[in-house]
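You will see two complexes here that share chain A, one where it goes with chain B and one where it goes with chain C.
Take a look at the complex of A and B:
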């Protein structure tokens, strides 16, 4: 099964909380919402866009 | 007049629960039924669910060049039918709160040779990870009754649709005729949990499914609630004497 996110998904997905666009962190396999300060995991190529499952970003990780 | 929104959020079948609990209870049900979901649907509806889904597709009349979002459709039944009808030039995303259901769907797609034909996303119908005004056709088949706050899901469906975009919901509904309803209730109480036990070794999850059908709003109530969030042209079609119904509406 594919391990990485389909680039098309990046065009159609947004943060469920802020509706802002996401940044894809390939190394960590996370979709980052700077506005919400959350990193959503990607497991097995499937983005898990649930705030409950997201990791809170450390201050230094947030890109303004 | 005070509006009592999302009254179902406190009910998990016939158990009274906190709204926050309901989502994870539902997730547990679908984690445990994911693998046998398709077999169970066949057993529970004697294969008729396929006819209902075919009817849904005929009502949608999918065509190419459009953006489709199928919500709570993890195993792919609706999305695959849309793909067949619309052809290769349609963008179809499948959003389900349960990654197990999506995995089943993705494997089924792979077996049909559809490797990159769908976008698979784990997400919540009440808080879709989808921008406003971006979807042409929104479908939700046998998923709305499992959502914790139905009115929130209806509102989010409205949000993501483009102006002119259409909403379709296929769901179990209310058999109006009292005689038929008695027969149907008897059948579901007697047979379905037992079949759940036999096929999926999970009587409780199927018990939940029956009870969630009972608690779901009837045809007119659901239509009214669709109107409240803004849908126009709201109407419903009964299937199999109201055992299921398809509701539709559009965003003006």
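Take a look at the complex of A and C:
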């Protein structure tokens, strides 16, 4: 079973590059920063908020 | 982009610390010492801190409980840049990932010494503090590892007639005070405590530094002279110059402690010049003289 991110934590997390709020993609276990075009991975419920470990979003994934 | 010089390869630091995570409990006494000193200082502050952020998780897990008790916290977020063990979030303190005004207290017991942009990091920390929130940080600074620095230098000069920086420069107390002010903290306080640790020999000291993942403090790269000859000569020099009666060698750690509050109107503020309501002479019960007419006794 995959662990999800603690909602209390989700409330206070922002993108480290843009300081914008994040979208939580539960299916892919990623925290998405549309402005930065990055998806931060979540491993065992732990958000990995390191820009150099984030996945670059494809154009169609970005929500405007 | 960044105009400040990059001293530390943060990616390399992360990889070093990842490698040492399984045996950190054998080498983390300095990290524990700093966190315990911070917990001790919290005992002097009569208030609770409901939401706290602890940066770095290489300390003994028992200290986490002690910190929660000392602060009466309801929410403790623990971050580490290097591994996922016992943490809430992976975060590099140069890229802080929390919303403004989130925390009542930030504790950083052993991380600011290897940040490239210290003022920037301190500013980012202040932003995520609530108004009247507190930052307590500690890190090795000033004269830390001075014996190792000098031994490397002497050894390298004797081997090849020149030397390069092998132990990176540390922030000293005075610089730290300036940094806190620049970063906009109210009521900043900076002090330092010196620790002397003794080792069987310089290799044991190196082993401890490696075990903590702190060998980034050492620049071993560029010259190709990092081999056995240099290490042996360094160790011999260290033994000659810094041993007690030819026995164990000593290593100095100067721990710098920072404390500062996110500004809030309830904090003491300086009054505007000329805004005084009563005279100093009246408070002192003495006669006031104008400048220039000082009475002779």
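Here is the rule we use: the second predicted complex is superposed on the first by the 62 of 64 C-alpha atoms of A that agree within 3 Å, B and C clash if a C-alpha of one lies under 4 Å from a C-alpha of the other, contacts with A are read in each partner's own complex, and residues count from 1 in each chain.
By our rule, a contact is a pair of C-beta atoms (placed from the backbone, for glycine too) under 8 Å apart; a residue touches a chain by one contact, two chains touch by 3 or more.
Bear in mind that the values here come from a model prediction, so they are computed numbers and not experimental data.
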Which of chain B and chain C A:27 touches, first, second, both or neither: neither
First, second, both or neither for A:56, with chain B first and chain C second: neither
Touching partner for A:12 - first (chain B), second (chain C), both, neither: both
Partner chain(s) touched by A:44 [first = chain B, second = chain C, both, neither]: both
Residues of chain A at both interfaces, chain B in one complex, chain C in the other: 6, 8-9, 12-17, 19, 43-44, 46-51, 53
Touching residues on chain A, where the partner in the complex is chain C: 6, 8-9, 11-17, 19, 21, 43-44, 46-53
Chain A - residues contacting chain B, complex: 1, 6, 8-9, 12-17, 19, 43-51, 53
Chain A contact footprint on chain B (complex, rising order): 91, 93, 97, 99, 102-103, 106, 110, 116, 119-124, 127-132, 134
In the complex, chain C residues that touch chain A: 11, 75, 77, 81, 84, 87-92, 95-100, 102
